[in-house]
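Read through the structure below, which is laid out as structure tokens, and then see the notes.
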């Protein structure tokens, strides 16, 4: 098992490297002189010269890459143009709140969605199933920002339960989570996966064996079907966790909540390229990490991966 | 390794020292494990015979079949079809040769493209090989459908509209469109219902006589192989362990595995009890094959020599080859 | 009603609605089984043999399937039994094993736990007691290293061992009847013969009744006392094993026996039954086998033959059964 | 073909899409056709006669802007999805068919691609290409390529192992013929499924980009832009963003239903079973 985990982590290294290269070249494809791009329009000629020298912009692309890679490896992501502070420091401050939102949101929405999905599968074809199906299909078709805008309108403007703007220091921290989490729950992303995995597994031959043993319907549903459906469900939860990083871009904008997504959007608005580069890298790295975590948890759940072969 | 052959020109296919290795990832660590699906296997198939190949699942019989068909390349060894080596032909020569070697697979539901009509299915090999014009192709198709007893008004139907037996007969007809001389029948009747199986077996036997074909008949079912074939090879763990004329094989079994296979065949007769076969349950793992003779862990007669030394396939009497150290005397 | 029967199926009919059509999977099957008797059920794919005996445990979901007729277990009709009562019968009085042992075992639970589940359900054992009993059961089905194997997952066992584990699950609560649905079809011949021998041995030891469903006449030949031959959702012939083999009454039975090559067959041609198995969307007017039968007459095509009793406890549904022999 | 119409999801989804496309195409006939002139005295009018969806901050008719915006949003989504479908299918089938090093390298590149959330990739491509009506389909379409790649690759791999493909090889068929005659026709229905959900995804992406303020720029209205203009006034007059979002949601719903319907139609396993 340890070797499986190691193998999975090591296999992510080339991907991470690829992500770095992609961002590195993407930034170089932005029209304009790289030094001016990275330092912003207000930079002095002197600053530009220093930057050129330190980043080897006069040298070959290969050497530039090595310099950038060294910076990346040591956690130096450059300096933000608009804030004049190190990008890594700013990301470090913003990251916990994004990860918090992703974790809390994914956990709460997953619990609710899996519950509804199991209920739908159990009542297959009857009204709870049909209702849940309609709701989740509609939920999946609603843009996140759209749900968010209505949550904000209703809960902040009409009911006044949650703040309209979350990044003010006087607001209790838990209140900033309510809006985004409600929005994530209303997306109902996991309901259909749960339902279809459950139904698929209910068709398996071993369910018939359990039935022939005299196992009750409830036990078949929760122990045998859910026990097996858990594997695809966990995979989906992992996927949702990874995409919650992207969701943060939208949610943090809607609810004006501090986090890496908001950092990115603000950076794009003012063309703060070092910040864009840094946040893009970190978001991608977080997605890779979420995927590794998912694979490991799946492997721990599934004995066919955990325990291999006879001898 | 000498197999008794009368004259060289009677030989249709000769395979020598074929090896095929597969590797599988273990999920544990980075190492990939590999095993031999076919190992040092040699065989000769004569013109006009039905060569039966029998063995249990995983013994490498299908891998052998697909190498002889040219679908997989052996890691080493040669396959001579009428003197031409299949393993290193140019692609145009190989395409030419494909006309002579055709195949029928096990699953008639899987071997027909569901989006093709019967006509398209039958026409495809002719188009690929540039046989035409269209009227000529239609003529060939109609005569073959007639041979396999599929009504000609089925031409515009789709495979899902046919029964299992009809599908398999269609697969046979398709294999015959290019007038091949050699047919590889890989479990060709195994997926069929009993009552339909007999029809297809008879059809295959008739076609063989009418069209002077040679068959390689691969199956796990010993009684069908024995019924169909002139000569039978028994495979175990990637090797041929016994090869003989079918009459010789029923009179004079020399390999303990062959004997076990014979005994295990359930006979449709209430007065013949299912034999308590004396071979042990556990089939050894492919990845860690036992040393010496691969059969020794299951063999009731195994000696020290069997555990250490892998037996060669030796000719013990005219046309009867056995790979067993103890093959000098028949097994009681 | 003189004898006491443990299983009695009377005029069972099962209809599946599929895409606007109705498939008459079982079409008036009557069969019964004395305690401790072994019945072989023979038929080709889609003949209704599995559906018939899955109905004994009510494993067919209804609706959508429409089931009529009557099934009695030890004199008690199960047709109207509520699901809760059925759960007490399943695995306790009647057990079932299936064709593909890999797909029939829960892949994420240990073998021991899967055997223990029925023991805890029906015998009220604790997990510890149940696991101890599981080891005994695995020894009974001749599983090597039984103590270690209870901790194995299904994917760690070979096909033959998985089927042994399945049998252990089925036998956990010493059922009176074991329904074995093609239990050896997916196995290699050398393994198949071991499983057949094991079932023979267990039957001798436990005295349970067995229904052995197979498409292969050879497999059941030495195992069962009586054979029922299914065709197109009906039983065409029933009788003692030896009678059926030596002197089949129905042309279909005769054809089935003749069309399999035997190890000692010397002829170069096989007997064939012409045509193919019927589709079951319509019930034929006359005998279901008439379109394929070499002896079919006008009567066969228009009048449905009834089950007729023959000496020696046999029965056959054929207008010409008496005259053909 | 009749049985397709028995699938409720396909019918509802199809009708929904048809309706929206029809409305958008008939925009000049059913609206004033004037989506851009500013009419400040009539700003932020609630829905009512003359303005079924009300007016926005500049007094423009929201109904007109949404229908005309649909023209842009839908065409961008169609172009983006087509781009992704063609590239993804091509790369996927090449990767699967040739296997080995080609497959490995393409696979790793796709891994990198998939490590960026689609929205992030769209944003970055948008920065590089300078977002405009013309380039928007690239920013949205390129991140969708992996969806088609993955589906095509896995289906190609499984069809390559099917008996009929092997049979075609043994008849002497070359790789081109196998791919064109056997693999693509059998992958096509699966492409349709992904195409439908990718259409939904692209419409979502366009509107999300617009919402964030990096969508198709003024003055051409697109759904994303209408949402963006309305979001600041969500509390006072929610109809601008509200109705635009509703149109987006209905369109995405239509495509999702259609995709689900086609998938169920192709794989009826869950529907017809009894045990």
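Note that the chains take the letters A, B, C and D in the order they are written out, and that residue 1 is the start of every chain.
Note that a residue touches a chain if its C-beta (ideal position, glycine included) is under 8 Å from a C-beta of that chain, and two chains touch if they have at least 3 such contacts.
Please read these numbers as outputs of a predicted model, since none were measured by experiment.
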| item | value |
| --- | --- |
| Set of chains adjacent to chain A and to chain B | C, D |
| Contact-richer chain pair [A-D vs A-C] | A-D |
| Distance from chain D to chain A - Cα centre to Cα centre, in angstrom | 21 |
| Euclidean distance of C-alpha centroids - chain A vs chain C, Å | 52 |
| Separation of mean Cα positions, chain D and chain B [Å, integer] | 50 |
| Averaged-CA centre spacing for the pair chain C and chain B, given as whole angstrom | 32 |
| Multi-chain contact sites of chain A, meaning residues that touch two or more partners | 208, 309-310 |
| In chain B, residues with contacts to at least two other chains | none |
| Multi-chain contact sites of chain C, meaning residues that touch two or more partners | 59 |
| Contacting residues of chain B [partner chain C, same complex] | 56-57, 163-166, 193-199, 201-202, 205, 220-224, 226-228, 250, 260-277, 279, 281-283 |
| Residue numbers on chain A that touch chain D, as the complex places them | 14-16, 18-19, 21-23, 26, 29-31, 137-138, 140-146, 149-150, 152-153, 157, 196, 199-200, 203, 208, 242-243, 245-246, 249-250, 253, 264-265, 268-269, 276, 280, 283-284, 287-288 |
| Contact set on chain D toward chain A in their complex | 108-109, 111-113, 115-120, 123-124, 127-128, 130, 200, 204, 207-208, 211-214, 227, 231, 234-235, 238, 241-242, 245, 248-250, 252-253, 256-257, 260, 269-270, 273, 275 |
| Chain C residues within the chain B interface of the complex | 44-45, 142, 144, 158, 160-161, 188-194, 196-197, 200, 215-219, 221-223, 241-242, 245, 255-257, 259-265, 268-274, 276-277, 292 |
| Sites on chain B touched by chain D in the complex | 66, 69-71, 91, 94-96, 98-99, 101-103, 105-107, 110-115, 124-125, 128-129, 171, 174, 178 |
